[in-house]
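Down below are the structures I want you to see.
Each of the two complexes below includes chain A, the first together with chain B, the second together with chain C.
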Partner chain A sequence: MKLEAKIQMGLLENLWRKSKTMFALWFAHMTVYRAEIFIWMLSGVVPLIMMSVWIGKASANGGTLENFNAASFAAYFLAAWVSQQLTVAWVAWEMNFQIRQGELSSKLLRPIDPLWEHIFRHFTERFVRGPFILVVVIAGTFIVPGTKLTPDLWHVLEFLLVINLAFLMRFLIQYCIGTLCFWFENATAFDEFLYVLQTFLAGGFAPLEFYPPAIRAVVEWTPFPYMVYYPAKILTGTLSSSETLRVMLITLAWVLAFGVLRSILWRFGIKKYGAVGA
Partner chain B sequence: MIEVANLEKHYTVNEKEPGIAGSLRSFFSRKTKTVKAVDGVSFKIEAGEMVGFLGANGAGKTTTLKMLAGLLHPTAGMAKVAGFTPFERRSSFLKTITLVMGQKQQLLWDLPALDSFLVNQAIYEIPDLEYRATMKEFIELLDLDGILKKQVRKLSLGERMKCELAAALLHRPKVLFLDEPTIGLDVNMQVRIREFVAAYNQRFNATVILTSHYMADVTALCKRIVVVDKGHIIFDGDLSALIERSSPAKIVKLELSKIVPREILESYAPVKSLDGLFAELLVPRLETSKVAGRLLSELPVADVTIQDPDIEEIIGELFQSQKVKP
Partner chain C sequence: MSRYWQLIKIFYGASIAVQLEYRVNFVVNLIGSLLTAVGSLFGLSILIAGGSSLGGWNQTEAIVIVGVFTLMEGFMGVFLYPNLNKIGEGVRTGSMDFTLLKPLDAQFLISSRDVNILRVADLLIGVGLIVYASLQLASVQAPGVFVAVLLILAGFASIYSIWFMLCTTAFWWVGVENITELFWGFFRAGQFPVTAFPGWGRILFTFVIPVAFITTVPAEALIGRGKLETALGALGVAVLLLIVSRLFWKFALRNYTSASS
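Moving on, here comes the complex of A and B:
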C-alpha cells in the first residue's frame, strides 16, 4: 500500500474509533437520564394538543377544513410531533452554562472541536428518545381511526434525510445563539425568543395552509417551516418529489449558512472567553 | 520550552453599587473597570524544569497558566510553549500540554472514570499498547485499583483528584500546568500527588509549572519559584536564593537546662523569642556555626537545632515589602 493511502486509512481508522467511543460514551450517559428525557419529551406536546383542537374544528365544520379531515389532521400533527422530537436541540443552553461557569475550559484543552461532543450528545439522545416516539406514534394512529403516516418506504427515506438536515439546521442556529454568551452575560433570553418563534412558525401550531397568505410568504423565507412543517408533510406523503427536492436544497443551504456563521462567531467569540471559575 | 515576554491580560468588569438605587443606575449606565490581571510578565523555562508559581489569590498566577494553555487570548505580549503559540490551540500543541485545575473536572460525573479515559484515548489518538502501558503505570503510582469502575460521583475527593490527574496525563504531555492540584486534599493524598508529579517529571522529562497554596507542594517539587503579585513578577529564582536574600539569618533554637537572662542571649544574637527554657535566636547565616559553638560551650544548653525561617513567612514578608527584585 502506498504511504499516502496508508495515512488516509489511519485517519479513517482514527475517525471511526473516535466516533465509536464518543457514541458509546454519550449513549451510556444519556441512558442515565432516560427518565429526564421522557419528561423533556412531554414538554414538546404542543402539536398533540393542537391536533385535538384542529380535529374538533374540522368536525364542527362538517368533517373537513381546507382538505384536512380528522385523520389527515391526526397524521399531520403526529408527523409534526415526530419531526419536532427528532430535531430537538439544546446546545444553546449547554454553551450558556459552559461559558458562564468556565466549564468550556476543559473542552478547549482537548484536540477536538467541542462541537463534536455536542453533536454526539444530541445524536445518542435520539436513540434513547426513539422507543418513546415509536410508542406515541403507534398509540396515535390507533386513537384516531384512519390516521396514516406514509406507507411508502421512499418517503420514509426522504423524511430521514430531511429530518437530519433539519436537525443540523436547528442545532447550528442554537450553536450560534450559544456563542453569543461570549459577548453577553447570558444568552438564554435569545434562546427563549427562538423557542417562541419556533412554536408559532415551525408548523407545530397549525399547518402552514392555515396561515394568512402574507404571513406564510414571510415565514417561507425563514428556516422555521423547514424544521417541522415540511418534514411532517414528507412523512405524511403529501409533498411531491420536486417539492421534496426543493425542501432538501433549501434546508441544506440554511445548514451551510448557519455553519459558516457559527464558525465566524466561534472564532471571534473564543477570544473573548474569560475562562472564569475554571 | 516555555518563553513568555511582556505578557498581559486585561479584563473589563462591570461595577455596580449595592441596593436598588445602584441596580437602577447600573441598568441605564453601566460602569466598567479594566482589571490588569497579568501586567507585563516575562520568563523562560527550560525543558524538564519544575517551577512553582506563588502569589496571593488574584495575583495573576492562574490567568498566566490559562494563557499558556491556550484558554485565554492575551491582551498583549508574546508566549511560546514547545514552539507553539498557545492561543492558536493547534491539535499538536494540545497533545503536548495539559492543564489540571484543582477540582474542575474533565471526568463525566455520572459514568466511571474508565469511560472518560477511553474517550481521551480516542481523542488523543493513543495507540492501544501505549494506553495499556500508561494505565498500568498510573494504576500503580496513583493506587487507582478498584476505583476506576465506580461512578465518578461516588468517589471521594482524593480519589477523584487522582483520576483527574491520570486522565489529564494519559496522553503523556511534555508540559504540565498544574493549578492547585492538591487543594482540599488530606496530607497523605497531597504527598501521594506530589510523589506522582515528581515521578512523572523524572520519567518523561516533563516541564512543570505548579501553583499551590500549600508551600509544601512547592518546596518538595520546585527548585525555582516565581512570585507573582498584582500581575507582576516580584521574584524569579532559586528557592534557596530567595530564602538567603530575603532572610539573611537562620533560626537557632535552644533548649536550656537553666534560665538564662535575655540580655545574655542578646549578646550572642538578636532574640526572636524567649519562653522560660526555650529560646530562638536570629543568627546571621555566615556566623551560624561559630555562634552555635559558642552557645554550646558557654551556656547551659540541653539541645540545639538550626533551621531556615518558615518559607510562608518569607513569602508573606516579600508581599509586604516587595524588597526582593528579580
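Moving on, here comes the complex of A and C:
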C-alpha cells in the first residue's frame, strides 16, 4: 500500500475509533437518565392531543374533512409524533448552561470541537427513546381502527434519511440560538420563541392542508414544515417520490445554511467568551 | 393567619426585588407570552375555519377557553414553577432539613417562597382574552361571572394540588426532576373545549386528568351554559385534590430520611 493511502486509512480508523468511544460513553450516560427521557417523551404529547381533536372534528362533520378521515388523521398525527420525537433537540439549553457556568472552558481545551459532544448526546439519546417510541406506535395503530403507516419499506428508508437531516437542521438552529448566550444574558428565551413557532408551524398542530393558502405559502419558505409535516407525509406514504427528493434537497440546504451560520456565530462568540476571561 | 399573610408579603417582595434587576428578560418574556397567545388564537382559527364550530363552541366562545387556559398557565408559571419544582433539589441536597425545622407549616413555606414576575404577562393576557370575548357575548351575565370566578379559583386549587403531588414524588424518585412536564404536556388539551374530543378523549380529560374541570367548566359558567352538576363536580374535585395532596405530603414526610442518611 502507498504511504498516502496508509495515512488515509489511519485517519479513517482514528475517526471510527473516536466515534465508537463517543457513542459508548454518551449512550451509557443517557441510559442513566432513562426515566427522565421517558417523561420528556410523554410530555411531547401535542400531536396526539391534536389527533383526537381533529378526529373529533371529522366525526362531527360526518366522517371526513378535506380527504382526511379518522384513520388518516390518526396515521398523520402518529407519524408527526414520531417525527417530532426523533428530531428533538435541546442543545440551546446545554450551551446556555455551559457558557454561564463556565463549563465551556474545559471543553475548549479538548482537541475536538464541542459540537460533537452535543451531537453524540442527542444521537445516543434517540437509542434510549427508540424502544418507547416503537411501543407507542404499535399501540397507536391499534387504538384507532384502520390506522396505517406506509407498508412500503422504501418509504421507511426515505423517512429515516429525511428524519436524520431534519434532526440536524433542528439541532443546528438550536445551536445558533445557543451561541446567542455569548452576547445575551439568557438566550433560552429565544429558544422559547422557536418552540412556539414550531408548535404551530411545524405540522404537529394540523396538516398544512388546513392552513389558509396565503399562510401556507409563507410557511413553506421557513424550515418548520421540514421538521414534522413532510417527514410525517413520507412515513404515511402520501408523498410522491419526486416530492420526497425535493424535501430532501431543501432540508439539506437548510442544514448547510445553518451549519455555516453556526460556524460564523461560534467563531465570533468564542472571541467574546475569551474576552470576558471566563 | 395574618402571620402567614405577612410572610407572603415579605417573601414576594424579596423575590420581586431580585428579579427587577434583569429588565431585558422582562421584555423578552413579554414577547414570548404574546407570541404564545397569538399562536393559540391562530391555531383556533384553523380549527374553526369557515364558521364551523369546535365541539359546539363558536370562535368567540372558544376564545374564552383559551383565555382561561392562558390564565391557568400563568398561575403555574408565576406561583407553582418557581416554588414546587425546588422540592426535588431540596430532597437531593438535604436543604429540605432547614425548611422542615422552621416553626411554620412546611407545605406553606415550600409553596410560597418565590414568585416569578416574568410570567405575570400570561395572567394578564389570559384575563384580557376572557374579557375581550365576554364583551362580545350577550349570554354573559353577572351570576355566571360570579360562578366562573369561583370555579377559576377552584381550578387554581386543583392545579396546585396535582403539581404539588407530582413534586412530592421527589421524596422517592430523586432523579426525576422533570415530572411536572408530564402534567404540563397533557394540560395543553385544556385549551380546547372537552366536547371537541371523541368519547375516549372526554373520559381521559375529565376523570383521569381533570383538565375539563379546570378550563371547560369555568368557561361554560361564564358564557351562561353552566350546569349545576359540573360546577359542583369542579368544586368537589378541587376540595378532594387539596385534601389528598395534603395527606400525600404528610405521608411523604414520614418517609423522609434526609440526604446524608
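Everything that follows uses one rule, which is that the second predicted complex is superposed on the first by the 273 of 278 C-alpha atoms of A that agree within 3 Å, B and C clash if a C-alpha of one lies under 4 Å from a C-alpha of the other, contacts with A are read in each partner's own complex, and residues count from 1 in each chain.
Throughout what follows, a residue touches a chain if its C-beta (ideal position, glycine included) is under 8 Å from a C-beta of that chain, and two chains touch if they have at least 3 such contacts.
All values derive from a computational prediction rather than experimental measurement.
Enquirer: In the superposed arrangement, does A:T64 touch chain B (first), chain C (second), both or neither?
Expert: Touch partners of A:T64: none, neither chain B nor chain C.
Enquirer: Counting only touches as set out at the top, which of chain B and chain C does A:A28 meet: first, second, both, neither?
Expert: Only chain B; A:A28 stays clear of chain C.
Enquirer: If we overlay the two complexes on their shared chain A, which of chain B and chain C does A:S241 touch? Say first, second, both or neither.
Expert: After superposing on A, A:S241 lies clear of both chain B and chain C.
Enquirer: After the superposition on A, what does A:Q8 contact: first (chain B), second (chain C), both or neither?
Expert: In the superposition, A:Q8 contacts neither chain B nor chain C.
Enquirer: Which chain A residues are contacted by chain C in one complex and by chain B in the other?
Expert: Overlap of chain B and chain C footprints on chain A: residues 33.
Enquirer: Would you pull the chain B residues touching chain A in the complex into a rising list?
Expert: That would be residues 11, 66, 69-73, 87, 89, 91-92, 94-95, 97-99, 101, 104-106, 108, 110-111, 115-116, 118-125 of chain B.
Enquirer: Along chain A, where are the residues that touch chain B in the complex?
Expert: Of all residues in chain A, those touching chain B are 14, 17-18, 20-22, 24-25, 28-29, 32-33, 102-103, 105-106, 108-112, 270-275, 277-278.
Enquirer: In the complex formed with chain C, which residues of chain A make contact?
Expert: Where chain A meets chain C, its residues are 33, 35-36, 39-40, 42-46, 49, 52-53, 55-57, 59-61, 184-186, 189-190, 192-193, 196-197, 199-200, 205-206, 210-212.
Enquirer: What residues of chain C sit close enough to touch chain A in their complex?
Expert: Going by the criterion above, the answer is residues 22, 24-25, 28-29, 31-32, 35-36, 39, 42-43, 46-47, 49, 52-55, 173, 175-179, 181-182, 184-186, 188-189, 192, 196-198, 200-201.
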